[in-house]
Every structure is written in C-alpha cells, then in structure tokens.
C-alpha cells in the first residue's frame, strides 16, 4: 500500500454566518469571519489516494486522471466562486473549513474508487496558519 | 542607506468588475475574476522602508512601530473585508492588485515619513503565481 | 472525526548540554549544538486537535480559543526566551526538539480537553530540515 | 514513541518509459514524462524515524548519524544523476515517484534499524504539486 | 510605473558540459553538474513586466495574455524536456542558469513589447539555494 | 550584467541590548528582544553577486567558490553561535538584523572581488515576517 497526493488550489469568497441568527450573534460566535460583505482565501487542497502500485506503469493512479477528477468535481466549482452562494454541494451548509473538507471528500470518493484506487485523506489549508484533515466517516 | 521589510497578511473578497459595463463585457475582459458573487484571496503585503541606521539602536525603524502603522492604516481596513465594498481608500476604484498596491503605498507614505524614514516599496502578492511592486510615482 | 491544525511560531535560544558532563563530552555527543554561549531557532509549532463537527457552527474547536490556549500555555513562555533557563515546564530537562515537543503536548492536553476536544498531535519544526511529531504516550 | 523527520534533497534526471513499448505507447500512457531525452526534478526526501527518547541525550536518533545514513545510502547515489541509468538500486525498475520511494525505504531500513530505531515513513516530493508516502509493506 | 510578476514552472534535464573538453576537464570545472547521463531541476521562472496602469481595467498587462506568451514562447519548449538537446533557442549554448535566463529574456521581450508593456526582469530559480536575475543588456 | 544569488542559513542566539543602559531602558526600547538570557533565530542569508557571463563556462561566478567564501567568512562564524558573544566581526556592535547584514557585506566584499565579480546585495531574513537588504555604502 502506497499513498500519493496531488495539490490543487482555488480562490474563493465565503463567510461564517447563520441566517437564523442576528448579525450580533454571528459576530459574537464567528468574529470577523462573519463580515456580511464576505472575505476570501487562497485555499490549498491536498488529495491523498492509496492503493497498490501497478507493476506495468509504476503508478498507484495516473496523476493526470486524478487531476481531471479534482478539477471537474471540485475546483472548477469553487475557484473564483462564492462558497456560500455558488457551489452546489455546499448549498445550505456552513462554509467552515471543516465542512468544506468533508464535502470535498464526499464529492471525490466515488470518482476515485471508479479508477480502482481509494481516497485516503483530504487536507484543506485556509491560511498558512490553519488547515483541516478528513479521512471519511 | 539600508532597506528593511515587514510582511503582513490579509484575507479579503473582491471582484474585477466595472458597473458601467454589462456582465458580458466584464466576463470578456476580466474572465472568472468578474464573478458577480465575488471571490477572494490570502494577500501577502511586503512594506519596504529605507533609511540610515540609528547608531544607538541599530535600527532603521522600530519594527513594532512599522507594524502598528501598517495594521492601523491598511490591514485592519482590509482583513476579512470586501475590497470593493468595505474599504474607504478603495471606494470607486478598480480592485486590481495593481491599484490596491498603489493605494496602500499612498496610505502608508505620510505615516512612515512621520517616523523619519522613507517608504521604498510596496510588494503585494495575490497568489503564489503573481504579485505587484510599486515604488511611488 | 475530523482534524484541525493551528500553526504558531516562537523564537528561542537553547543548547544541548548536560551539566554533569564535561564540555568535551558535550561537544562529542551534541556537536555544535552544545555551544556554551547558546544558539537559537525560529521554531514552528503545529497543534492538531480532533473531534466531531458542531452542527451549529461547523467547527471542531473555535480557532480563536485554540490560539488563546497555545499562546498562554506555550508560546508566551517560549517566545524570545531561553528554553534551558527561562521556561518553567522545561526546568531540568534536555532542550532537544523531542523533549520540547513532548512537554508542549503535556502543557496543552488538559486545556484542550476542557474545551471538549482531543489533542491529537504536536509537530515541532526546529529548522526547514528537521521536525518532531508526538501523539502522546 | 516519538517521530523525528530529516529532509534531504537531490536533483536528478529521469523518464517514465518502458523499453518493451513503442514510443507511441509510452507517450500515450506516460505523456510528456516519457520524453526520450529525459527531464528532471528537484526531489525532496523526508525520512521519518520512530523510537523511544534516550533519557541521557533527549534524542530518538542522532540526526548527524541519520543524515550520514541517508547521504551514503541514498542521496549520494541519486543527486546529479539519472535515476534510470546511474542508480544501482533502481536498475530495471520504473522510475516513478512511487517506485523510487519504495526502493529508498528498502535502502534505508536496515541501516536505521542498526542504530536501534525504526524507519516509519518515506515521503518523496517530485514537484510542489505531488508527493508519495510509503510506510513499508 | 508599476511592476507585475508572473511565476511559471518547468521541469527539465540538463548538464554543464563542453563537447570540446574531455570528461575530466568537464568534471574539474563543472563538478557533479557535468554528469554525462544528465541530471535535472524543477525550475521556477518569474517574469516581471512594467508599465502604466490602464485606468479602464486597473491592469498593467492582462495576466492571462502574459501567461499565454510565457507558455508558448518558453515553458512549452522547456517543460519535460532536455535543455541541451530539445530546446531550439538553447542550441549550441551552455545550459547554465545564467545563459538560460538571458535566452528566456530574449525570447519574451518582443512579445511583451507587442502588448504595449516592457519586460523588466527575468528571475530563474534552479534550486531553493540559487537563482539568477537578468534585466537585459 | 547578470545577477546570481546563493542562499545560506545559520542558527544563532542574540539579544538587542546596550550594556550602558539599564534593563528597564533596554526593555522599553527593544521589548522582548532584550531578554537577558537571549533568544535566537534561523537566519536566511542571500548573497547576490553581479558580473559578466564567462563565455567558456556560462558562469558569472562558480557557485562552489561562492559557497566556500560565504561559509568560511560568514556562516562558520555565526552558525550555532551567539551573535553578541562569539563572532569576531560583531564585537562591540548592536546585534540587529541591519547591523549584522552590513557587517556580513563588509566581510564578503573583498573575497568576492578577488574572484573577479562584484558583491551586489546582502539580504538577511530574521523571521518569515522581516528581512533587511544592504547594497553597500
């Protein structure tokens, strides 16, 4: 068993905000992250796939294929978009790094398994000072 | 003459968009950067100050003082904000990296000169792949 | 279960040195790290916390709270200090990266558990070329 | 149990290519990585060792010794070399990141165990966008 | 006048080698960089363009256009290639970082001027420890 | 004219402190940087040399020779040392980044000129957030 990781990036707007709370409640819990006019990030996404090495190619998975999956299922939907407003798989969900990482995992898992590999981990970096890791439920 | 640089960071939403153009015109010129619902970045700001070294302290400028100026004049106004909507010194201006760097320079210059030093350069990084440098007009 | 990591930094002096050994013995075992007049590092500390996502906030732990704990319990005591001489929780211990990482883990664990989360891992980077990871005993 | 990691680097040429396939087949499977005249990378190698901390030294393993092992067994053989043509332990093998990581693991394991520690993991980065991790079979 | 920089990357094989010298002479002058079977690097290329800001767009140059120029004139010719053997504009030249940076500058200059901007600088990084900068002759 | 830069690193202890001031005065001016028991940094040093390219080698300067000069004149004296106490060329001087950069410049200049090249710039990074640049007087 060996693990291979591909990094992709996307630049998005978001806010941490509950519609069912007042602005004051949102500010109290989410601080400056609740700014009504949004803020944004250069997100870095690391997708780790595990499997056996194919003896013919020396590959766990063809990285061109992995990149194609990540782009079509995830980064094309998020890059230069608003996480709260523009992204189908985030509709009605909190736009925290934790929830975004979990939903990205769910988006990618069936497509990676269809290639004969396993999705091991999503790592999602919001800033140079914080990131989230998710291995599935 | 010696040069000292301080890095600060801010996370903001923006879009490249002219109100006097249609969405189609904006899309044609600004591409995905014109997304009506915004996108965002982790900006990195490098402020370079030049001057003579004070023989008593070995300093060109006290970095604590430089940090205080950058924070109060620039990053407190930009961090977790919308560059187009929330920032007084960007009102009515294009939110491109070029224009933002020039306006940050104009915000900082008088305050740094009041400390007896000179503002040499603003470097503003929008992503790991592009940045702008401005030395004043 | 999801994992969230916060990075903090501190700049400290230290040496690898046993008082019960001669300078020659210290030099033989610890090399240049035993310099009697100290040397120092820009340490990078990554604190990883695990838990369930709170469905109301989308958070495992409030990062502002995690930062407050790390600052008060660890980095305020280490930053711009001497690891061997100035730090209460390192008194009488070897100032190696391994031991420092373990003692930082012990400092943080009860405070993170008091927030309803679990401390998963401490990663402590001494230089760009070496780091230590500790998951508790 | 604690984990310590040492980073080393090497700059090598390679290609992904099977001699028993035509150039067209190689191009179809390996794309631009099959360029007959080679290409190359600045590889980053992270070697993670685990063990108990020696109470006398505060060390899991002496990093000078770990560096000596990695240099003599791995990086001296790979740095400024051709992975396909010049490296004894890669002879007749695919020069993919996966296979290279596995063979580096096999090179290092007995030498690290001879120091009384255990080899936990090899992480091998080919570019800033992809890396492989191997924990042994 | 304002400066904007775009980063691109390419992974290439090369050697430092004079055909009119013996292997021994090459080894004496170029050391391990003269390995007959090549070695390689992940090169990072920074292209800096200067000009006035267009008041309509807030741009010095459209970065999509700059990327198109760099890709077609430079990185498509170098990426996953052999600098000594495969690159038209390097034929018969030493494949040092200095010469490569100068020739990249010469490739880009007319195309950037055709966009109404000026090429200020090429910065070419061969490893994390060395890079070359060229401003034209 | 072309510019080539070599990066080297050193890990040192220092403090900002005037013996002719009280501890209170030192604390007021230098803050936590005046900690009597020292603190330390992983310094990064960038040495930029300029000159004409030698048409035989494609080099401005042989980087192995540049590394030899930096190591013997600067980093061997600073690495794993105390800047205030252990470094001949800093004796009696303030151990600020500004002064250290200027003195490193003075150490290197004659040795680089003896190689037929010119020293252009010293860049000295103290943390990821601040650095100094010096071009000579």
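All chains are identified by letter, namely A, B, C, D, E and F, in their written order; residue positions are counted from 1 within each chain.
One rule holds in what follows: contacts are C-beta pairs under 8 Å (C-beta built on N, C-alpha and C of every residue); 3 or more make two chains touch, one makes a residue touch a chain.
Computed from a predicted structure; not experimentally measured.
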- Message: On the document's contact criterion, could you list the chains that touch subunit B and likewise touch subunit E?
- Response: F
- Chains touching subunit A and subunit D alike, please list them. C
- Repeat of the B-E interface, chosen from C-F, D-E or E-F (over half of contact pairs identical by residue number): E-F
- Task: Compute the centre of every chain as the mean of its C-alpha atoms, then state which one is farthest from the centre of subunit C.
- Result: E
- Cα centre of subunit A to Cα centre of subunit B, whole Å, reads 28
- Quick one: report the Å distance separating subunit D from subunit F, using the average Cα coordinate of each chain. 34
- Task: Return the distance between the CA-based centres of subunit C and subunit E, expressed in whole Å.
- Result: 42
- Item | Touching two or more other chains - residue numbers and ranges from subunit F | 128
- Full enumeration of touching chain pairs: A-B, A-C, A-D, B-E, B-F, C-D, C-F, D-E, E-F
- Write out the stretch or stretches of subunit B touching subunit A in their complex. 9, 11-14, 32-33, 35, 37-42, 79-82, 85-86, 127-128
- subunit F partner contacts - residues on subunit B that touch it in the complex: 1-8, 48, 53, 56-60, 63-64
- Message: Can you tell me which positions in subunit C touch subunit D when the two form their complex?
- Response: 16, 18, 29-31, 93-99, 101-102, 128-135, 137
